[in-house]
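Following this line, the structures themselves.
In what follows, chain A forms one complex with chain B and a second complex with chain C.
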Partner chain A sequence: MGSKDARRLFLILLFMPFALWIILLIALPNIGMFILSLQEKVGPRVYTYGIANYVEFVNEPIYWNTLLRTATISLLVTALTLLIGFPVAYYIAKIAKKQSKGALFLLCLIPLWVSDLVRAFGWILLLRETGVVSGALQWLGLIDQPVELLYNDVTVVIGLIYTVILFMIVPLVSTLDGMDDSLVEAGFNLGGGRATVLRRIIIPYAMPGIVAGCIVVFMLTAGSYLTPILLGGKNSMWFTEQIYDQFITRYNWESGATFGVLLLVFTSAVVWLGLRLSGQTLAGTVAKS
Partner chain B sequence: MEYDLECESVSKRFGSVLAVDSVSCGIPSGSFFSILGPSGCGKTTLMRMIAGFEEPDSGDTRIEGQSVVATPPNRRNVKMVFQHLALFPMMNVGENIAYGLRCRGADKAEIARRIDDVLERINLPGVAHREIHQLSGGQKQRIAIARCMVLEPALLLLDEPLGALDLKLRESMKIELKQLQHRFGTTFVYITHDQSEALVMSDHVAVMRNGKFEQVGSPQELYRHPQTAFVAEFVGDSNQWHGRVAGRDGSEVKVEADDGPPVIGVEGGGQNLAEGAAVRVFVRPEHIRMQPLGAAAEPAPEPGRNGEQGKIDSLLFNGGNSRVLVRTASDRLIEVDLPDADSAAELREGEDVALSWPRARTMCFSSSE
Partner chain C sequence: MNGMKAKLAIGAAVALGLMARTDGAQAETLRLLTWGSYAPDKVIQMFEEKYPDINVEVTFSNNEEMIAKLRATGGGGYDLAQPSHDRVYAAQLEYDIYKPLDLSKIDTSVMDENLLSGVKANTTIEGEVYSVPHQWGTSGLMADVTKAPELKSWADLCDPKYKGKTSMRLKRTILLGTAFAMGEDPFAAYSDLDKYQQILDEVAVKLIECKDNIKTYWQGGDDLSNLMLSGEIVASETWDSTAYRLFSENQNIRFIPPETGALAWIDTFTIPRKGEADDAAYKWINFVLQPEIVTMISASSGAIAAVQGGVGLMPDDKRAAVEAAFDDEAIANLKFFANIPPGVEDMEGKTLEKIKAATAN
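Entry: the complex of A and B
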């Protein structure tokens, strides 16, 4: 056996776990879902292939309204996360002293140390009618009866931002960290004000990180389940809730699979549109951030 | 004389480090002024204060006669070429040059005309559409200068811009920079730790050490009449010995060297060396004359010259800058310039030679500073 063959074998072995992971956990389930979504039940245990599930989705406004609502709120969460995360990332990458950088970064990680469920419960403790915030406001005399702060869209958005902001900050810090301070100084030196330097130098430089962060945050938000359900209550109208409903409550796997495929296609389309509008490529984004 | 830049006792302290220590200077309009010093002596800090990126703890800076201490960096008529150039990687050449013009609110036609004009002047016409990463090191250099010069600043600051280039390119960029400065007629303030860059390009050089200007003068002055031991050592090459003053006769001092025969020299920098003071003696290689000793007896010492004998230890052939290392009887190594490359061929290692150099070129400085 030549060394060429040996090297090829080595490469195959090296990529085997990765390939298995892609095939078993990503490709297969999605193909399975797609096939499942094309099945129509015509009688007990009798199926034909067709697009009836998709037609049903289109014909039922509550379904596609929920999908649109989920996408809109996810976009809003993404935008707000960027708005809040960017200054934080800039501070960590460029302004904070070397010694405090690590500590600040770790601070951002803390929310990830507790599970989704516990985190959501924390919000509930704070915001429910008999919760900490309501109590504090009453004690201060700002309100005279308990307020329910849970189960509205604002709370859902805040909760989601809190959950995903780390995934915005990490890629932003890593791109901004690579930016030479002298680029910013050159921007000032050549006559630019703060706004010009931000708009023409810092943001274009950080664009790969911004895009990467936005994609991750958008996908995580659109696919999240616990936070919108627990903070938004029964009528939060989150699309993952519809999927759960179809699979578990109604035991309608075909319809659930259809919704799953639709969510994937729809969010992918939004990401593609975002990439087109910002003039970035997925490969460029991944390579630079 | 008209000054584009004046500094008046400018100081800057970082914690316990006094990075710039009460520097005063005036830089005449249209001149090429270099600040030369070892790394860490405060050059960059001084330049950043001129550009407005650091605030001086005390002192005043005037640009074209106006105090700029309270002026933010983007309103100062001073442009800077950064150590690593800081060209904007997400813009092409034209956009890099247009950036400053756009900040000023120039209109499109004007910007296009100015870009063409400045690219013409740096001998890179038609590169406006290239991306930055497509340029060579020397081209990037020139674009970084063009980006500043298109704004017609009162003063251009350059912070070791040649540091990242390879040797050959550095040599040609030295000449190029000097010519660019001539062509634009703008005052250049050039920072470097490389004395040959400073000597070749500058009208005036300030030698900086530990945050202070040690000596300011033309390159010739610094080379011929260094005022301190530091300048003598830093500017140009020298043979250097340590010794003690054994006596004096008018302007000449007799120095008892620590490891060699006594020499007679002159005091550098108008100092007054006391008898017994520890001194450092500097003699430049080109002032030493070498003669083969042959079979003849010792040559009679010439008046006004110091002399010593030795054997050729090795030849350091370097074309027109060839040197010889001579090992003296007292086991010191002395570097001697060869007048031309051909004479190197006539010399053999181990040959006995006599060295002599003028007393007036034997510079003595107190070693206590």
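Entry: the complex of A and C
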């Protein structure tokens, strides 16, 4: 009976870091955030409970417009990332030689070794009016005046794609890697064109990877802070910026917490909808890759 | 039994982990929460040489983050903070994060009397004084005088002749500056928040119209310096210290006090409520008010020390920049930031959001 208890202790200890991580760093802060979001300030150091913060969110078009804007751009980024990432992943998984696979994969990883902030500054150096790209275009004689490429939504989208594309490529490569080449060959032998093979064989097979990549990319994009702030222009609001402003500049933790909860709920809802529409499950996609 | 033991073992392990703190060090630690340039390495080194038993740790921050950090811990984690004078009163009333100063431990005789009495008046709650001044400076305008020679009002940033060539930071300073430029006195309106809201609404209309004229909203000093030095913009709203730094690189870039008066701030010494090294904090305050240290800190911050003859103690290049920017009239015209009453931050925050979200034209 001693060994049985020892096994149980062993299991508990193994499980402990994970449990502590989930409880202390994920569950408790989110619960705390939710409770905070239900507080209403009635005066200095006096609070009551209620849903006023949520009502305020609904009544203020600026807030939900920003949330919708963030979601729309995030979806756009997700779609573009998939479009750009899929061929890359397919090349690494199916076309590249065995020896070069590792090197190619590493090349995709390298940008991640540098922090978000530095990467955003890299884009600023390239794209600003007196920056590298503008200078090069002038030197080539393609334009005769400096051109400002920063401070607009297109730049934000490009910057975000660059930041998150790896998270699309990795799950795609691992799913595509498991696909037997004979499936594709069979498709061609049976008279399918390239488009048909892609549509009827490769994409259905890669679906779990596609969905997993899209979920991760969408969540990362919607929750990103630095890239939209640094590259965005005078009209570009991002929802995380709103949360920061509420917490830091306005000292309004209650409403900041409300926005945090809403962002979590909203992005989760989008992911759930995406899973429903694509007929996938969370266990079959993210958990697998 | 064994299961019980297992639980006990786990409990003990967790308890030990929680108790294992880095006490026991002999040296006292002074944890400063201050601005980027207010505690240069050299000054810290000199302080630690003079007081070998005190170890200085510095966290760089800004007004908003200082308050957020202290609020999160109820005034713990730091032994001396340096919020601006207008940010102490409301923060203390709302969140109780500071403790009163013992003025007998501070050599207030070296301080500039006007600034000292101003800060005291601003930060006295129930007869207790919470802050004394350290450094002061202003917010105003900056322009490349060869390209924007006529810039003199906050409103000139919105002049179509500089279209796409100006910048500002979308924070409360520009709201206040624009209000002054419209002939209002926003500080006087703090006592009547309805009136203040009305002013803010008018300011919002102005600044939304102005959006089209502006290249971008700058986010920080480096950002602004790059925009200005590269010539991408010719004029901007600015902190004076940033303008002084640029002046030493390009003499055409001048700080310009707006005709309605530059907005003046005073950064203070204030002790957090759960500060654990008050004596060391007082020693630091007295130490950095010595003339030679004042010069070193002014050299790094570009701000003027709140000591008697503070301008004279600035290093030569910074003093030249100040003298190029301010005459006596401009000094007399300074508008010191008034205490921010509770609630005003929310109103201003809403206005700023409205401006940011609006699409011009």
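Rule of thumb we're sticking to: the second predicted complex is superposed on the first by the 281 of 289 C-alpha atoms of A that agree within 3 Å, B and C clash if a C-alpha of one lies under 4 Å from a C-alpha of the other, contacts with A are read in each partner's own complex, and residues count from 1 in each chain.
Quick note on the criterion: a contact is a pair of C-beta atoms (placed from the backbone, for glycine too) under 8 Å apart; a residue touches a chain by one contact, two chains touch by 3 or more.
Computed from a predicted structure; not experimentally measured.
Trainee: Do chain B and chain C fit side by side on chain A in the superposed arrangement, or is it a clash?
Mentor: Chain B/chain C on chain A - fit side by side.
Trainee: Touching A:Asn65, do we find chain B (first), chain C (second), both, or neither?
Mentor: Touch status of A:Asn65: second partner only.
Trainee: Name the contact category of A:Gln99: first (chain B only), second (chain C only), both, or neither.
Mentor: The answer is neither, since A:Gln99 touches no partner chain.
Trainee: A:Ile201 contacts which: chain B (first), chain C (second), both, neither?
Mentor: The first partner, chain B, only.
Trainee: Mind working out whether A:Ala186 is in touch with chain B, chain C, both or neither, as first, second, both or neither?
Mentor: In the superposition, A:Ala186 touches chain B alone.
Trainee: Would you sort A:Ser3 into first (chain B), second (chain C), both or neither based on which partner it touches?
Mentor: It touches nothing on chain B or chain C.
Trainee: Is A:Ile229 contacted by the first partner chain B, the second partner chain C, both or neither?
Mentor: second
Trainee: Chain B or chain C: which reaches more residues on chain A?
Mentor: Of chain B and chain C, the partner in contact with more residues of chain A is C.
Trainee: Examine A:Thr249 and indicate which partner it touches, taking first as chain B and second as chain C; both and neither are also allowed.
Mentor: In the superposition, A:Thr249 touches chain C alone.
Trainee: So if I take every C-alpha atom in chain B and every one in chain C after superposing, what is the smallest distance between them in Å?
Mentor: After superposing on chain A, chain B and chain C come no closer than 44 Å at C-alpha.
Trainee: Jot down the residues of chain A that show up as touching in both complexes, chain B in one and chain C in the other.
Mentor: No residue of chain A touches both chain B and chain C.
Trainee: In their complex, what parts of chain B are in touch with chain A?
Mentor: These residues of chain B touch chain A: 51, 53, 72-75, 78-80, 82-84, 86, 88-91, 99-100, 103-104, 147-148, 151.
Trainee: Which bits of chain C are touching chain A when the two form their complex?
Mentor: Contact set of chain C toward chain A: 2-3, 6, 10, 64-65, 67-68, 71, 91, 93-96, 170-171, 211, 214-217, 219, 226, 230-232, 342, 345-346, 349, 352-354, 356-360.
Trainee: For chain A, which residues are in contact with chain B within the complex?
Mentor: Those residues of chain A that touch chain B are 180, 182-183, 185-193, 196, 200-201, 204-205, 207.
Trainee: Within the complex, which stretch of chain A touches chain C?
Mentor: Within the complex, chain A touches chain C at residues 2, 5-6, 8-9, 12-13, 16, 44-45, 62, 65-66, 128-130, 148, 150-151, 229-230, 233-235, 237, 242, 245-253.
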